[in-house]
Every structure is written in C-alpha cells, then in structure tokens.
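Heads up, the next two complexes both have chain A, just with different partners, chain B and then chain C.
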Partner chain A sequence: MKKVIYAAAILLFGIFALGGCGKEEPKEYLTVFNYGEYMDPDVIDQFTEETGIGIKYEEALTPEELYAKYSSGAISYDLVCSSDYMIQRLIQEGEAQKVDFSSMEYADNIGDRFWEFSRAFDPNNEYALPYFYGTIGILYDTTKVNGPIDSWGVLFDGSYKNDIIMQNSQRDTFMITLKYLGYSLNTSDEGELREAQELLIKQKPDVQAYLVDEARDEVVAGNAAMAVVYSGEAYLGHEYNENLAYVVPKEGSNVWIDSWIVTKNCKNIEAAQKFLDFLCREDIATKNFEYIYYSTPNEAVVANMDEELKNDPAITPTEEDMRNCEVCTQIDEDVVTLYNELWKELKADGGE
Partner chain B sequence: MVRLKNVFMKCYLALILLFLYAPIFVLIVLSFNDSRSRVTWGGFTLRWYSALFSNRQILEALRTTLFLGLGSAAIATVIGTLGAVGIQAMRRRGYQIAMSVTNIPILNADIVTGIAMMLWFVRFIPLGFGSVLIAHITFNIPYVILSVMPKLKSLNLSIYEAARDLGAGGVYAFFHIVLPQIGSGILAGFFMALTMSLDDFVITYFTKGAGVNTLSTMIYGEIRKGIKPEMYALSTLLFAVIFVILLLFNLLSGKGKNTEDIIERSR
Partner chain C sequence: MKRKYLSTPYIIWVIGFTLFPLITIAVSAFTNDDGAFTWDNIVAISEPINRQALLFSLAIAFGCTLICILLAYPTALFLKSFRFKRKGFTIFLLVLPMWMNFILRILAWQMILSKNGILNFILGKFGLTPLAISNTWIALMIGMVYDFLPYMILPIFNAISDIDEDLIEAARDLGAGSFTVFRKIIFPLSMPGMLSGVVMVFVPAMTSFVIADILGGGKLQLIGNIIEQEFMKSMNWHLGAGLSISLMLLVLIGLAFTMRNDMEEKGTAIW
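The block that comes next holds the complex of A and B.
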C-alpha cells in the first residue's frame, strides 16, 4: 500500500515538474478563436517567438457553435475568424471593432476582388480581413461523364440517373438551383424559391443521396458520377482519385469567405493588428495555405504557387469562374421559415 | 434445457462483444492502415503513430489530460475517502441525505453539470486549467465515496476499538488499522476517478479556458475537416490505456485484505 502511494506521488510530482519546465511566459496574450484545423500550429509559435505576444488558441467546429461559445461570454476573445454570414451577424450586433487595414504592412497582399466580395457583409471594408475562401461546384469522375461539364444543367437534365450526390443542406442545395435558374442566391422572393423547389423535386429520381461530408467519398470510391461539393473537399478528393475534376459552373455559384474580425472586447488592439498583419505576410500565408489547402485570397501566395495548383479551379478559381459568383448573406427569419418548409416538402416528396 | 441456456448465454455474449468491440476493432485496424482512405487497405504502417508523437499540439493535450486526470483523481481520492469515513459515522438520517447528495452528480446529465459549473466559474474565477481541475475533482468525488463506502461497511470495528484500548491514538489507529482494510477500495476509487476524468468531454468543454485542451476537446476541434488517421492511432492508445487501468482496477478490487492479515500485521 505504502509503495503504491509513493509511486503515485513520484509520478504526480514528475508530471508537475514536466509542466513547470518550458519557455518563459509571455507578458501579453491574445485570445484567438478559429475553426478547428484552420491554422498551422507552427504559425502560432512563430508569432510568439517574433513578437513576444502569447496566443491562447480556441477552436470551434461550426459557425453556429462558434457563435454560441462567443456569445456565452465565458471567455473574452480578442480575434475571431468565421464565415461570411456569421461575420455579418457579429458586425451587425456590434461585436466587431473597426480595424485600420491601411496601416498594416501586408494587408495589400489580399487581392482587390476579395475586398469587393467582402462588401456583401462588411459594406465599407472596415471590420473583416479575408482569410480563406472557396466555391461550391461539381466534383465529377471524368471516366463516367460524356463530354465537358460546365453547367449546373447536368444535374437537372436527367442524363445521369441515380448517379448524382446533392448536398444535404437546405441553403447550399437551393443556392445552386437558384443560380441555375438565373436568380440571386440571396433571393427572398417566394416565387423564385418555389420554382427552385419544383426543379429539385423533378430532379429527385436522379439523385442517389443527399449527403454532407460523405459526398466526396462517394465520388472518390466511384459510387457516383458527380457530387455537389465545396472546393476544399474537391481538392482533397482529387488527391485520392486522379480521375476526378472540379468545375465552378458557368451560371455562377456561391463564393464563401472566412474572415477575421477584432472583437469589441479586445483591449490590446496593437497586438491584434500585429497578428492580422502577420497572417497576411507571404511566408506565413503560404504556411497556412499548405496546411489547409483552401483557396487563399493572398495574391503574393498565389503568384508563387506551383503551376498545377494555379490551374486547379478548386484552389485558384479564375476571374471568369468567379464572375457570376455571389457571397451568401444572412436571410430574414420568415425566409428561413419558408426555406424550412420547402426543404421538408422536398425531402418528403416520393419522387415520381 | 441447461444446454439451451448455455447456447443463449454464448450468443448473448457474442452479440455484446460484437456490438461493443467490433467498432473499436475497426478503429484499431485503421490506425495501422497505410492509406488515408477509410475504405481501402494500403498495407501495414506505424507512421500514424510516429506522426502522432511528433505533433506538439497532441502531446500538449496529452500532458494536460494526464495532469488533469492524475491531479483530480488524487485530490478527489483524499477528499472522497475523508468524506466516506465521515458519512459512515453519521446517523441514519444524515447518512441517507449525504448519500443522496453524493449520488446526484453521478445521475445528473453531464451537460447540466458542465453548464452550471461554467456559469458559476465565470462569476468568480477566470476559466483556465484551474477551473477544469475543480470541475473534475467535483465530479470525481462521488465515485471515490461510492467505492470506499462498501469497504467501510465491511470494516471490522472491533479491531479499531482494540487498538484504541491498547493505547493507539485516533490518527495512528486510522492509518494502521482502518486504512489497510479500506485501501483496496481507495485505490479502486482512484482508478475509477482517473478513468472518469480521462473520459470526460462535456464538462471539460464547458469549463475550460482558452488555449486549454484535453485530448477529447482537441479531437473534437480537429474533426471539422474529416478525421485524420493520427486520431485513430491516438484513440487506439487511449483505449489501450483505459483497458489497462480497468484491468488493474479489477485486480485490485478483487483481492481484499482479510481480517486475519491485519491482525497478523499489527502484532
């Protein structure tokens, strides 16, 4: 008995001692809130090394979870990275602080078109700094399709029966249908939404399944000819199966942008700006890009990319691809209700 | 008839093993799979394990987890043992009230405990490692009490009284007579608390501060872009550790010291 207690005491002491040894503690800290797997851990270390500012890093899975944790107020965050519509919500609720991007050394690395896209949720480009972006498109198996794929039409013209995977997400699925019909994906017009629903009901017999994360895997495994996926997923799919290709259809699509904001609770604005500037620096942005492989708005990074990545529409969509793309913004409560209703009807419909 | 019963028993056991352990078995196999895909086998590899141990984030989380588990289990064991001794000495009514109060945290949903603690902590102390440690100690104490209690019940009080009669002080008698008799219960309680602490996600998630991650909260943050094979390796190791702890736990709670031994030893 005594021996066990001694052993336990030594073990405990050992672990405590292990905890004690480390580098000297930074004097100031920034609390950073980001999505999981969304920054190279080395970048955080390097920032602390270069500036002496420590980072307390928190992660969330979804925009909704991030918002819930943020607004519970349990932890006071200085910097938050989230998706376009969630950033819009935070700005509207007065949670963001204006940032002087012109005083930052490397903010110019972010391409002009991304600042323009940002205006959808940050009209004067005062709050949000673009971090990564992407599109929604079609991931397809080149050995299973006839002819080039360049339009959402292939999903709806009935030529790939039971070979299509759609997103099991109301907004995403309606978005692409609205784009195909030539409407805005942020429409709140009931007639346009009903027209989209009608088309989706008609398409239902051709749809193999409505999936989320598994959509990519099904095409990789050769179980389906095509799937509607996010560009980041498409890039990974291509890694597993080289017969896969990705396209942003010519009718346009959704472009999503994840951005950083400085919260109103942030006391150390100088440090926060330093961190944002650091993220825009070419070497750091490259590191993050190589860790995440989503599309980067940092043009200095794009300029030095391998040709293969530069020509991959999943990583670097061209101006042409992006021309008809729109950022998705928050929709009103009653439109959300309409969406829910239409979606339920669609899923309940037996097809035929 | 007996034969039929045996067949049923075996089937039942086989089904339990299948449903409980088949998924874990798949996980273990995947942790040695040389392909990132979940559907194809790319040959045997240990590279996910080596990747795991060169990942600083994971090691940091592992350290926090062990630190938290051992620390909270040790403190909870001390408090819980003292509590159990005290409760045992209570009168019937007090005993019943104390035991019900002990049981509530076990029966209560983790999420309720987690959110309640978070609200409480936010008011008084900054969330950080300390808040998680307090939370873990809190939910660990009942497990210690529950595993020490039966040992106290079967305790032979006459030996303790005899020791006191022969001039032993209260503290001396406690350490030399009572403690050896309930020792296995205390150890079992410690391991139980350790397992519970390693296992917990919900309460940790709500009470942790920024930058503090245990393995479970870290894995949760990582699954956004699909689960990395390193996570299979990590989960396999976690399973192995818990399995070993449980084996130890069963071994220890199996062999209780009997009265003769104690009398023999205290001569």
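The block that comes next holds the complex of A and C.
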C-alpha cells in the first residue's frame, strides 16, 4: 500500500519536475533526503547550475519519519541528512558507505572538534559529515533572575518557584538532570537514572509546565523566568525580547550534530562527494547558515560572521561551553523501557 | 437493487474507517512484540499509574459533563422560550465558534489563562490579585467545558423543542404549576436529548489528550495522554492499543448502563 502511495507521489513529482524545466535536462541525478526547511533552495539550484547534476530533493519532519521513509525502500536515496542517533542507527545497520573526506577540497572547513564529537556515532570519521549542530541550555529573562546563570542548579534549588519551563521530552529532561548530578547523559545505569528521576519529582512543583515548541515563547512573553531550550530556538527568541540570555551550563549539556551520509545504494559516489564538498564551501555554507541560523561547524563561515553572532552562545558556543558536552547516542532497548517507566511515574506524580 | 448502490459509501466508510482500524488495534492489543497472544496489554490498565490516570480522567469527564448539563439546561430552556423570529440565528451564534479549529481555540485559552495573560491583565486593571490557574486541572476543566458545551446544548434543545405544546397546556389546565410542569413533563421528555448530550460530552472528555497537553502544561496525565505517549514516544504500540481497547470497553459498558432505560423508550437519538 505504502509503495503504491509513494509511486503515485513520485509520478506526480516527476510530472511537476518535467513541467518545470523546459531547458536542458541534467544527465545525472542525486536523490537527497533532508529535514524540512533545512537547506536554502537556492543552494540546490546553484549546485545543478555549476555541476550539471540534478537534485531530487525529499523531506521529512522528524528523525523517526525520515527513518521510516528511508527503510520503506520506496525511494532509493543517495544522500541522507539526519540527527546523531539516527545516523548512528543507519551506520550500524550498514546503510552508509565510506566517504573519503580527505579527498574533498572543502571538508577542512569543518572544525576539528566537530569531527571529534562525531566519533560518538561514527568512531573513525568514515561516514558522517557534520552539517549543523546545537546545544541545549537555559534561556532566561535577565530582568527576572538574580545575576547571570551558569548552572543547571537554578532549576533544582527551588529559588524560582512556578517560573521554570522544562522540556516535555524524556531524553532531554533526563539529560539535564544527569549532567547536573555529574553523570553521563548516555548512562544506562538504573541507579543513576532513578536518582535523576527523584530529583525531577522533587522539582515538579516548581515547574510551571513541560513544553516543547512553546517553551521559548513563554519566556519571551514573560510568563516564565527561564526555560530549557535548544540553542536554535534561543537565538530566535532574541528577536522578540532583548532581555533574554542563553547559557550552556558549566556542568555540560547535550550537543547534537546533524550530519550527512552517503547511502549504500548510491551509485554515483563521485557526484555525492561533489555535493557534500559543495555544502562545505564557504559561500554555500554561509547561505545555508543565513537560511537556518543554527550553529554551523564550518569554521570558515564562523570566521567571517558578524561579531554579534560570533559572541552569541546560542549561535557560536565557545570551547569552554562545549567542554562538558556530550553527544546523545542510541540507548539499549531495555534502557528505553526504563526511561518510559520513569517518565510516566514523573508525569503521574502529584496527579489528582 | 437501488438501495444496494446507495449503501456503497456507507459500507466503504465503515469497513475502511471503523472495522479495519478496530481490527488493527485489536490485533496489536492482543499480541506482544514477538506476535504471540497476550492479555498483558489489556490488563495493563489496572497498573497503578494507568489506573490513577484513568480515575483522574473519569473525575474530569464527570465534572465536565455535570458542569455542561448545569450550563446547557437553562440555556436550552431559554432558547426554547425565545420568541425571536430568527431562533435559528441565536443557535447559529452558539455553534459559530465550532467552525474554527478547536486546537486554535484551546491555544487561545492558553493565552487567556497564562500568568501574564488576558485574564490576569483584566484582574490587574481592577486591582485584583492575579489567578494562577494556568497549567492546573482548573484550566483543563475550563477548556473542556468550553469546547464541549455546544454538544450538550444542541441535543437538549432539540429534545425540548420537540415536546408537544399541547402536553404542557393540558398539564396547566389540570392545575400544574410551572415547577410541576417542568418536573413531570419537560424534564422527563428531555431525557433522551440529555443522554445524547452526555454521550457526546463524556466520551470525548474521557478520551481526549490534546486539551490536557495544551492547558495542563504537560503536568496533567489523563488516560488519553498515557495512550498517546505509548504510541508516539515510547513506540509501544501494543500497550497503547491494549489501553485503548480497555478504555473503549469501559466506555461501552458505562454507556450500556446509562442507556439501558432510554433504549426501550426512544432509542439513541444521537442528535
């Protein structure tokens, strides 16, 4: 059934694609799979103009959706961009093929520390090319707190009652607590996870709400003093309320990296490498950065950034900020089950 | 022959959107990851956390239904007595908000009730202390009553409108006062409408999760939220399906119990 739908979708897409280009038809094509709104459309056109290689561009909203579409096999993708843990899964399942990054002209633009972080899911840096990254931290209203914040502790010491917004997501919320307690965010130790849950239960009465997308908005609107948010969200928050500040607490946090891989089905490896190299080129990476405003691992872009952006921890976290940060890796099935249990218990606590 | 063709859309609809999904859910509910038969997912509703959420949902749904009845009944009586030429228009005003997406309306409530929201702004203007009801069960209740009230008013209003005026006049001729007329004629005859209203308010209130998500700030856990979490976050479709089936059965038993008397008289007039 799914295949029929995809076939119909491709057919439709094909008709539009054909209708669109009356001029010369590219001889080779790459099928690129990415998150929605995650690449400047001009970049795709420019690539085709410069190289004569056409791009069939497919989008997904979440890593899970991306994985489901990918594994249905309806479309044979050449290049896939996804989040660290999903890239890890794809590599482990043998879906990626090795890429010779050293032969690429612009791969050096990607900073060393990002290759290092990548090792969490791609131990020998053979498969994944970092695309964008970010951190999780505290977005706070400087008029509502006493002095600058530098620790996750403010969320747990009871000094901001009913003024805290937490993330409504298991992994993120536990991550914060684990880091605060000095554990790894990839721990599978039941004792450590239970300790984290205990702290979260104790904290629950002080939490105004557990939100995802609205977390930032509540701080922008002045309904809460602080919220746990993704760095990309924090940057956009400044635009609405200039009293906001973002910090990656000193205990460390989660750094997420979205990366590109070349799939095992890709026949035209040369073209795929060309595309990846193209994405690393300074002007192209700048274009994408200015379209998305997440942190870019491309140091050539960072070097030429406005001072304001360069000093914004939401856009350009310092080495210091990143010192204790970790990448989330896949956790075992039974740990996932434990997480689900602990989360349900947390949510049920204090219920009527 | 002709009737056979007329039934086609209905049959396609029921097979595609009732039977097929139900069977899928049931299969999921009675199997585990290995595909083997199990009762575990069905019995899971009695685990402490699930039971707590279920009881909380029951309490909220019950409260919501009660408030809706208390608000809807006088409204329906008022609408019935309304001698305005364009009675349809007054009902239209009631239904009008339902033409807008309900998530948007609930988001509007979030704005109204939030700490620096419209309600507290108005209270502040009058020098009153701001209320801290956002992200509490009170906010959830307000949202639910707001959303479901029309579904209570309309069936009650329809039932009351259908009452034969002659019955009321006859009662009055025989010396019944207003209260007796209400108690002996209007109220009993409006029961089928009220029961339809109860079904249309209680069941969605019992199973909803979006309102709790938005107005509860992720701190309130209805049974619907647990099921949603099993499907969307924990990816445990078997457990989610099992809980759904249990919930469906509980609701069915409850309804059968409520409707027992009503069936004999007038059948279940849903609208």
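FYI, the second predicted complex is superposed on the first by the 330 of 352 C-alpha atoms of A that agree within 3 Å, B and C clash if a C-alpha of one lies under 4 Å from a C-alpha of the other, contacts with A are read in each partner's own complex, and residues count from 1 in each chain.
Quick note on the criterion: contacts are C-beta pairs under 8 Å (C-beta built on N, C-alpha and C of every residue); 3 or more make two chains touch, one makes a residue touch a chain.
All values reported here derive from a predicted model rather than from experimental measurement.
With both complexes superposed, B is the one of chain B and chain C in contact with more chain A residues. In the superposition on chain A, A:A68 makes contact with neither chain B nor chain C.
Look at A:A221: by the touch rule set out above, it reaches both chain B and chain C.
Shared-chain residue A:A348: touches chain C; no touch with chain B.
Contact with neither chain B nor chain C is seen for A:A303 once the two complexes are overlaid on the shared chain.
In the superposition on chain A, A:V207 contacts chain C only, with no contact to chain B. In the superposition on chain A, contact is made by A:E58 with chain B only, not with chain C. The intersection of chain A residues touching chain B with those touching chain C, taken from the two complexes, comprises 221.
Chain A meets chain C in the complex at residues 162, 168, 170, 204, 207-211, 218, 221-224, 336-337, 340, 343-345, 347-348, 350-352. Interface residues of chain A facing chain B in the complex, by the touch rule stated above, are 1, 4, 8, 11-12, 15-16, 18-19, 31-33, 35-38, 41, 55-62, 72-75, 77, 213, 217, 220-221, 232, 236, 240. Per the touch definition, chain C reaches chain A in the complex via residues 49, 52-53, 56, 59, 114-117, 132, 134-135, 137, 217-221, 225-226, 229, 233-234, 236.
Those residues of chain B that touch chain A in the shared complex are 36-39, 56-57, 63, 66-67, 70-71, 74, 118, 121-122, 127, 179-180, 183, 187, 190, 206, 209-211, 220-226.
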